[in-house]
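Chain naming follows the written order as A, B, C and D, and within any one chain the residues start at number 1.
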Amino acid sequence: MTELNAAWVAAEAKALSNWGRWGPDDEIGCWNLVTPQKVVEAAACVRRGHVFSLSLPFGPSGPSQDPIPGRGNAIHLMQMTGTDVAAGVQDRAFPGSGKFADDWVVMNLSTSTQWDGFCHVFHEGFAYNGVPSTAVSSWGARRNSITRLKDRVATRGVLLDIPRLHGVDWCEPGIAIQPEDLDAAARAQDVDVRSGDAVLVRTGQLAQVASVGDWRGYAGTGKAPGLGVRCGRWLAEREVAAVATDTWGLEVFPYETPDTIAPLHQIILTHCGITIGEMFDLEALAADCAEDGVYEFLLVAPVLPLDGAVNTPVNPQAIK
Amino acid sequence: MTELNAAWVAAEAKALSNWGRWGPDDEIGCWNLVTPQKVVEAAACVRRGHVFSLSLPFGPSGPSQDPIPGRGNAIHLMQMTGTDVAAGVQDRAFPGSGKFADDWVVMNLSTSTQWDGFCHVFHEGFAYNGVPSTAVSSWGARRNSITRLKDRVATRGVLLDIPRLHGVDWCEPGIAIQPEDLDAAARAQDVDVRSGDAVLVRTGQLAQVASVGDWRGYAGTGKAPGLGVRCGRWLAEREVAAVATDTWGLEVFPYETPDTIAPLHQIILTHCGITIGEMFDLEALAADCAEDGVYEFLLVAPVLPLDGAVNTPVNPQAIK
Amino acid sequence: MTELNAAWVAAEAKALSNWGRWGPDDEIGCWNLVTPQKVVEAAACVRRGHVFSLSLPFGPSGPSQDPIPGRGNAIHLMQMTGTDVAAGVQDRAFPGSGKFADDWVVMNLSTSTQWDGFCHVFHEGFAYNGVPSTAVSSWGARRNSITRLKDRVATRGVLLDIPRLHGVDWCEPGIAIQPEDLDAAARAQDVDVRSGDAVLVRTGQLAQVASVGDWRGYAGTGKAPGLGVRCGRWLAEREVAAVATDTWGLEVFPYETPDTIAPLHQIILTHCGITIGEMFDLEALAADCAEDGVYEFLLVAPVLPLDGAVNTPVNPQAIK
Amino acid sequence: MTELNAAWVAAEAKALSNWGRWGPDDEIGCWNLVTPQKVVEAAACVRRGHVFSLSLPFGPSGPSQDPIPGRGNAIHLMQMTGTDVAAGVQDRAFPGSGKFADDWVVMNLSTSTQWDGFCHVFHEGFAYNGVPSTAVSSWGARRNSITRLKDRVATRGVLLDIPRLHGVDWCEPGIAIQPEDLDAAARAQDVDVRSGDAVLVRTGQLAQVASVGDWRGYAGTGKAPGLGVRCGRWLAEREVAAVATDTWGLEVFPYETPDTIAPLHQIILTHCGITIGEMFDLEALAADCAEDGVYEFLLVAPVLPLDGAVNTPVNPQAIK
C-alpha cells in the first residue's frame, strides 16, 4: 500500500490541482461550478419547507472551551443594556419612551462553525491558484479572502451519514473515513453527488460530545474521526464546491501523514479550490434525513464579508 | 392631522401589538408566520438562479467610518499570516508542507448590515412580548436574543424601490417614506406583500453615498431618508416577518416624533415582533428587479448564533 | 467565637467605614492619607537603587489559563509585523528605509496583576462612599473609577512575608492569614506599618505554582491561601492605602463566610476605601528583603487611566 | 547645508549606533545605563512629594479620535455592572451582600500615552541590535519586546520646555525643534541632561489642542511640532535612556526627510537603543517646573508586561 506522507500529498495535490483552470486571477475555485442553473436545481430540493441551522453555538456555550493556542470561544460584551435602562442610565441620552441595548463580539473567526478560506492553508508556500503566502499579511488577505464568496454559497447540499451507514452512534475518534465509505453511504441513502454540490459528511462526533456533556478535546486538542486523505480524489473527481463535517478539522486526527499536518486541506482547499466547512452541526438534519429518506437539500451558508478575512463564521441553513 | 409624538407611538404600539399572540414565552414574533408552506412558496421564487448578497462590507471599508459613540467599523486582526510562513516562523510549530493563516474580528454587532433583535429596543421599559428590560444585562439577553432566530430567517422577500417609483436616483435625506409610497411601489412593480414576507425598502441612499464616494454621515450621524412612523400600521396589517432598508436606521432621520427617538422601532420591533434589517445593500438587486420586472425572491439571511446576542451581522442572500 | 457571616461583615464594615470621612464626593479613599510628605518619606526608602517588577505576565503565559467565566488571559494581536516588512508588504505604504510593527490587546482588566477599583465590589448595593451600584453601567463607572487614582499610587510599601515567618515554602491553599500573623511578621521583619502605606502580604502561592509548573486552579477556580476577614480591622486601624497579595483574590478561599463571597473586599475596599491588589509577584522582592533585612520600599504602581474603568492592570515597581 | 534624506539617516544611524555595545543579545539598549546608583540619584529628586501623571486619557475621551488606519481610541466594555446588581441579575450567581463589576479593554497599544518598543521600527529591515524584522511575527516579538523593560523604567527625568523658552504658548505645527533649542532650554532652565536620563520635551501641542477643544488632527493625521532629526546626535551623545514629547509621534511632521518616514525613530530607537515616548501630557508638570524652577524629577513609567508586545500604554509618574 502506498505510504501516505508529504511527498504523496504533493503528488496527489498536483494531480488534482485546479490552479489556472478558471484563469490566473480566479479566487473562488469550484464555486465556478455553481451556475445559475445549479442554483435553480438546488432550490428545487426545497419540498417540505423545513429549515435546519447547522451552526453550533458561538460564545461561552460554544465548542472552543479547550482550544488550541490562539483560539477560544467568542467573547460577547455589551455596549448598552436593559439593566441600564431600568436604572435610568439612558434617560439623558435618550429621553422619551425608547431605550436600547447594543453589543460587541470578539472572536477568532474559527471559533465555531466556519468556512475555511482559500488563504487559510498554504501548500509549500502557496495558496489556491498559486497565490504566494505573502499575499496574506497582518493587513489581511489581499487575495483569496473568504469574502470573495459573498454571493456564492448557495447550492445543492448532500448529507452522507457515516455512522448510520455502519449502524453505530458515532465514528470513533481516530477513525479515517475512506472513499469507499462515502460511496457506500451515497448508495445506501440513495443520493448522488454532483458537480457544484456541498457534501456534508457526518461522523457523529457531536453525538459523542453530547453523550459526554463536555466539549473538552473537541476543538483541536483531542483525537477525532474525519475524512481520510484519500477522500481528496473522490471529492475532486465529483467536482464538489464544498465539503464539511461535524468535527473540528474535517480530517481524521491524528493525521495519516507523519511528516505534514492537515494533508487533505493542502490537497482540496489549496489545490482543488474546494471550500472546507468545519464544526457543522448535522445532528438534527441527519435525523430528519433518516426519517424521510431524502439526503439532498438547498444549502445557503453565507460568509461574513469582512475585508481581507481568511475564515468566516457561518450559520448554514439546510432547507428541505 | 394627528400629532406624531410619544403618546401617539404608545397608542399605535398598543393597537398593533402582538404581545401574547403566540404565547407568553414566544421570542420569535412574526417569524411564527413563516410556516413550512411559506418556505416552500419562498423557494419557488428561485427561477433564474441569480444570487445577490445584500451585505455592505465589514471592516475598514465598511459604512461606520463616522459612527455614533460606541460603534465603529469592525477591526480585523491576524493570528497567523502568510508573511510569517514566508519568513519561516511556522516551521517549528508546523513542520512539513502545510502552513496556515488565521484571523480575528472585534466588532459592534451593528457595525454594518444587521438584523436588530427583539431585545434591541425597549418601549417604556419592555421588549417584545412584555419582556422587562432587566432580562438584558451585561451577561447578554436572557430572553429575546436574536439567536432565537437561528433557523428562521428564510422566507419570501419583496423589494419596494421607492426612488424608481418616483423616477429619482435616491430619496433625499430627511424624506419620510409613507404608506402611500409603499402601496404605489407595490402596484407599480406588480408585487404583493404577504404574511410572513420580508419587505426590503430601497431609499437609494447608497447610490447617494456612492456618488459622494464617502460614508461620512451615513452611519447615524447625518440625515437619512427612511420609513415614516405611519408605515408601522401598513407593515403590521400585512403581517410581515421583517422589514429592512438600505439606510443606517430604517426610519427617516430626524425622527418625526420630537419627544422620543426611533419611534417606528418601538412599534414594530418591540410591539409587533417584526424583525428590522438595516444597511442592506439593495443596489444590485434593485437593478436586476428593474430589468426583469420581478420583485420577489427567496431571502435567506441567517443570524450569527452568539449566546445572548442582541443584534447580528448578516450577509443576506436574495435568490431569484 | 464569633460566627463569621454576612451579618458580621455588615457590622464590621459599618464599624470601620470611611464613608463621608473625606467628603461626600471623595473617590480616592485612603489615598487621601498619602500626602506629599508621605511621598517624600516613601522615596527615602530608595537606598540601593534596586527595582523589582511585581507583575505577573499578561498574555498566553499569564495566570488566567483556567479562569472563572468572563475572564481569561490577555489576547495579543498584531496590526503590522516585521514578517510583513520582510515580504515587502509595507513598501507601498511606507517607502524608504523605515518600516513598522504595531499591536493590539484584548483583555479583561483583571486578567493578571491588578488593582481593584472602588467600584469593583458593592456591599448591599453600594460602592465606596455610598455610591449606588447604578453609577456603574455598561457605559463604565461614572463614579469611583480606578482612573481617579491616576496620579496617586506612589507611596511607602511594606512586605509581610508569612511563609518565611513560619519557615515554610508557602501557605497551604485554604489557610487564612490572621491579624496575629501580620503582627508577628512585622515584628520578625522589624518593619512597621504606617498610615498611607501599601502592605504587600506574601502567601507564597506563586512558589507553589512554580513547583507545580502550571497555573491551573490559580485564577479563581481553586483553593487559595489569603487574608482572613478579621484582617480588615487590622488594616483599617493602621489606615493603609492599599493591600495586595500574590494570590488571585486577596482573601482566603474558600471564604470564611458561608452566606456571602469576598467578605474582606466588602469591608476594606467598599467601606474603608483601601485599594486591593491581586496577583502581585512578590517572589524576587521577598528574596531580596530576606537577604538585606529591609522590608520597606518605594512602591510606584500607576493605574491605566481608562475612561470609566473599574479595575486596572498594573506593573507595580518596588524600589529599594 | 547637508541634505536630510534616507542616506543621511543611514549614515547618522551607523555613526551613532549602539548595536553590539552591550553584547549581541541585549534587548534593553540605553537602559543599561540606568544603574542602581542612577536609580538612587533619581529618587533623590523627590523633594516636595508632588506626583504628576503624564498620561492622556485612554478610551472615548482619548487622543485617537481621528486616527491613522489601524489605530483608534481604546474600547472599554463591561463584563458585569452595578446596574445588573440593582436589577438583581447577580443574585443567583453571587448570593449574599457582595456583588461585582468587571470590565474589558480592546486597544491598539499606541492608542494614547505610550512607549515604543525596540521592535516598533525597522531600519533597512532590522530592529535594535541587528535583530531581523522577521523576529516580529503575528505571534508577537520574539526579541526586543517592550516587555523586556518590565523592571527598568525608573530613572531621573528632565523636562525641556521649548515654548516657555521661546515665550510662546506652543510650538506651531510643522516646526522642528533643533539641538540648539534643547541646549538653550537646558541652560535657561538650569538643568543638565545626564547619562541614563529620560528627557521629556514639551512642544505645547496639548495646549493648542486644549485651545481648540478638539483632538482632530492630533493623532497622526495632521501637522505637528516635534524633534528635528538632528536632535538624534544630541540625545545619543548625552546617552539618554529615553526621550518623549507631548505629540503623537515625537518627530516634527511633516518629516524632514522626503524619502523615508520617522527618520529620528530609525536613528535613536533602532540604532541607539533609546526608548521613545509619545503623547505624554506635560502640561501640569511644566507649569509646576516653571513655578518652582526645578526641571528634574523621578520618573517611574512601567510598561505593561504583555507577552511579545511591541509597544505599551503607560501612565508615567513624575515625582518631584
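Here are some notes:
The definition used in the following text is that contacts are C-beta pairs under 8 Å (C-beta built on N, C-alpha and C of every residue); 3 or more make two chains touch, one makes a residue touch a chain.
Keep in mind it's a predicted model, so treat the numbers as computed, not measured.
Note on connectivity: the fewest chain-to-chain touch steps from subunit A to subunit C number 1.
Comparing chain pairs A-B and B-C, the larger number of C-beta contacts belongs to A-B. Over half of the residue numbers at the interface between copies subunit C and subunit D are found on both sides, making the touching surfaces mostly the same. Distance between chain centres (mean CA atoms), subunit B to subunit C: 45 Å. Centroids built from CA atoms put subunit B at 26 Å from subunit A.
Among the residues of subunit D, those touching two or more other chains are numbered 60, 75, 77-81, 83-84, 86-87, 89, 104, 106, 134, 137-138.
Those residues of subunit C that touch subunit A in the shared complex are 60, 69, 72, 75, 78-81, 83-84, 87-89, 106, 134, 137-139. By the touch criterion given at the top, residues 6, 9-10, 35-40, 43-44, 46-53, 55, 57-62, 70-71, 74, 76-83, 85-86, 94-110, 119-125, 127, 132-138, 140-141, 147, 150-154, 257, 259-263, 265-266, 298, 300-311, 313, 315-317, 319 of subunit C touch subunit D in their complex.
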